[in-house]
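Per-chain residue numbering starts at 1, and chain names A, B, C, D, E and F are given in the order in which the chains are listed.
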Amino acid sequence: MNKIAVFPGSFDPITVGHVDLLKRSIPLFDKIIVAIGINSTKKTLYSLEQRKAWIEKVFKGYDTVEVKDYTGLTINFCKTENANYILRGIRSAADFEYEKTIAHLNHSMNENIETILMLSPPELSSISSTIVREIIYGKGDVSKFVPKEVLEGI
Amino acid sequence: MNKIAVFPGSFDPITVGHVDLLKRSIPLFDKIIVAIGINSTKKTLYSLEQRKAWIEKVFKGYDTVEVKDYTGLTINFCKTENANYILRGIRSAADFEYEKTIAHLNHSMNENIETILMLSPPELSSISSTIVREIIYGKGDVSKFVPKEVLEGI
Amino acid sequence: MNKIAVFPGSFDPITVGHVDLLKRSIPLFDKIIVAIGINSTKKTLYSLEQRKAWIEKVFKGYDTVEVKDYTGLTINFCKTENANYILRGIRSAADFEYEKTIAHLNHSMNENIETILMLSPPELSSISSTIVREIIYGKGDVSKFVPKEVLEGI
Amino acid sequence: MNKIAVFPGSFDPITVGHVDLLKRSIPLFDKIIVAIGINSTKKTLYSLEQRKAWIEKVFKGYDTVEVKDYTGLTINFCKTENANYILRGIRSAADFEYEKTIAHLNHSMNENIETILMLSPPELSSISSTIVREIIYGKGDVSKFVPKEVLEGI
Amino acid sequence: MNKIAVFPGSFDPITVGHVDLLKRSIPLFDKIIVAIGINSTKKTLYSLEQRKAWIEKVFKGYDTVEVKDYTGLTINFCKTENANYILRGIRSAADFEYEKTIAHLNHSMNENIETILMLSPPELSSISSTIVREIIYGKGDVSKFVPKEVLEGI
Amino acid sequence: MNKIAVFPGSFDPITVGHVDLLKRSIPLFDKIIVAIGINSTKKTLYSLEQRKAWIEKVFKGYDTVEVKDYTGLTINFCKTENANYILRGIRSAADFEYEKTIAHLNHSMNENIETILMLSPPELSSISSTIVREIIYGKGDVSKFVPKEVLEGI
């Protein structure tokens, strides 16, 4: 059986935290799908096309990383993609409580999907897309927080 | 003195977690008022009438359970109803912090009202109305998360 | 059915936090058993007799409060006493996590026993028997933290 | 070197919790700037002028307290004001997680700015501007939660 | 490169929580070493031989699971075994804080070792070896909490 | 009035986390007393003399830093030293809950003493004396976790 993981998020924009976690998890899976969830009720700062293009640029040359988008529940997307793993990074106890709730619900809807949690290294554990957007909004410098491919495009 | 408890919430919709907690707390009180708080600034998925009808259907035959709605502060509603207890379920440490803040404020505004906290059983501790609405939105299956009376109506 | 609650602890010594919580919960139950758990592997500062005597003195005249001691699991003691409720105070998120674990285990061993959690008022939420013992050890003043019946005896 | 602290917030409105913390921190700094952050995407209950006027009234006669407003990132405002300290109150573990994230980001953008955290006393630890606004909205009594200068104006 | 994971613990005794997590993680790794840490300063309830025998019995027939014991730091043991992954279960926010600290330290001592965190299903999330030992000590029934191989031997 | 802070701890041994926090707090106070608490019931890895000598060596040349030891309650020691501030580092939500409890108790025993909390930078937030002792016990490398003055002496 192939080990396929879905790494879901809005990636608005992708951060160095996402990139670090993805690169560290590549050896563990046969394929990782970076899955951009589309939620029509939430406004994003960057368009779906832009967010997708950035991730593809960052992971160019990484054969086992794919970028897709999806609507609806993550576990349904997993089934469509034959993925048995959901990959998530956790930075704080608050993140943990959220992930636990979602993982338990996913498990109760589909027992075959496992959630794999990985930790950010300490120097990256304060970074999130939300924070990056706030710094951009406040006209601050995000060069330490996003990959250079994003930096060139914002 | 009668032991009257208010169980406040938006119940948008009522979940199996609410139902479980209410049924377990019935022996403790002479009357329990399921109190739907109306907050005109927040949009709900289901109308007040619909939410009320579902709860009444679920608790038909339970003589000590009433369903009401209210505006304004919960402690003011308690006073109107001669209720001395506010009943709340807690699932996580985050829930706890929130309940503590509210309970302390209520206590500082009215010393006679006690907050009684009860825990969800582990298999229900990931369920919330918010999550149910997200699953409905994502076209997922909520049959494990809401009582059958709600399931028939959504 | 009588509403009998067990309020378990080591009460080494009883604090104003315990007293406050007990007095507030008296109206809710037909009988409350203050249950001193005996754990032969843990050393206590005060003897069982002393701890018992203090609690009895504080609750003299409260007809529905009894003081007992027990060994073994709390849920087994509840069964012996025909108690359906375990009463616990929670002060912090850490307390909550601990109580949740114990309550879930108790529930999985005996479905008929409910755990009722009550909050300390903010000005009492830093007090615990552990802290009181440390202040006594450091020769500090505990007059704000223990009932006067204890203060006279230490 | 002068010790200048920035105390950032939206102060919508200033609460007795803010006032307590500011008064306790006055001896520690040569100047404290109460800094009202302007975020054009968030609606406030009171106008900037009103919020400013209240704070100035409360701290009239306190020579080392100034009230200013700013847009953009707090650390950029600190640099403009030659402030080396950001002063923040924390009430709960949730507050702590938030402050840690912000402090680490600020530190990674400017190593010279220290965040100083102070605790609220227990009886004030449930008060926040958000809660005060909700009580006002619910037509409750906020006289214990805001300074008298605010109470006269709402 | 082979994917070898170390699953460290004291397993005093192994619980159904450990067994569940191990079985779910088997597909992810080429080899999993259940690693019993020996700490001469901590007294265990069961001997090393007994704990080892139980785990071997439970995982008989699982070709990719090995049982070993070690002294000293877990990351040093990983190096000896050519393991690049440390596998850990997390049940609560408190567990998370502990695992984060250890994972960050391990990472700062050896960048090549990743910590993989997996969640317990809700019905197992209150079980730990510590709790099992306390129930055994209180003469309670642990049949829901340990595998049948352990139950026969205690 | 002089600003005198007490920085209490067991410093068994002093870590780079302690050193970082102390150096960053020096500009804020006229004098900082590094106060080694003596608790005759707890065994330490290093003798009081050794722990004291290391701290003195690290802070040689820092005129406003003193090293003392004390028994009994920290707030009593503060009074003896005319200190109005207790300085504490916090790394995690668990640390925060502990510090809040202690700070509230101290405040209820002496209103004039303020607790000032400072955060560790992320790369130091997993370091503690407890962890350092465990790594030493496991014969690991602590060169990143203790100042060079300690490293030469262990």
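The rule is simple: a residue touches a chain if its C-beta (ideal position, glycine included) is under 8 Å from a C-beta of that chain, and two chains touch if they have at least 3 such contacts.
Owing to the predicted nature of the structure, the values given are computational and were not obtained by experimental measurement.
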Inset, instruction - Could you run down the chains that neighbour chain A and chain F together? - result: D, E
Inset, instruction - Name the chain whose C-alpha centroid is most distant from the C-alpha centroid of chain C. - result: A
Inset, instruction - Over half of interface residue numbers shared between chain E and chain F means same, under half means different, so which is it? - result: different
Inset, instruction - Between chain A and chain C, tell me the centre distance in angstrom, where each centre is the average of that chain's C-alpha atoms. - result: 47
Inset, instruction - Can you check how far apart chain B and chain E are, centre to centre, with Cα atoms defining each centre and the answer in Å? - result: 39
Inset, instruction - Just give me the whole-number Å value for how far the CA centre of chain B lies from that of chain D. - result: 34
Inset, instruction - At least two other chains touched by the same residue of chain F: list those residues. - result: 93-94, 97, 100, 104, 122-123, 125-126
Legend entry - Which chain pairs touch, all of them: A-B, A-D, A-E, A-F, B-C, B-D, B-E, C-D, C-E, C-F, D-F, E-F
Legend entry - Partner chain E, residues of chain B touching it in the complex: 93, 122-123, 125-126
Legend entry - chain E-touching residues of chain A, taken from the complex the two chains share: 1, 3, 24, 27-28, 84-85, 90, 93, 96-97, 99-100, 103-104, 107, 114-119, 121-122
Legend entry - List of chain A residues in touch with chain B within their complex: 41, 71-73, 75-76, 93-94, 97, 100-102, 104-105, 108-109
Legend entry - chain C residues touching chain F - in the complex, by the definition given at the top: 92-94, 123, 125-128, 131, 135, 137-141, 144
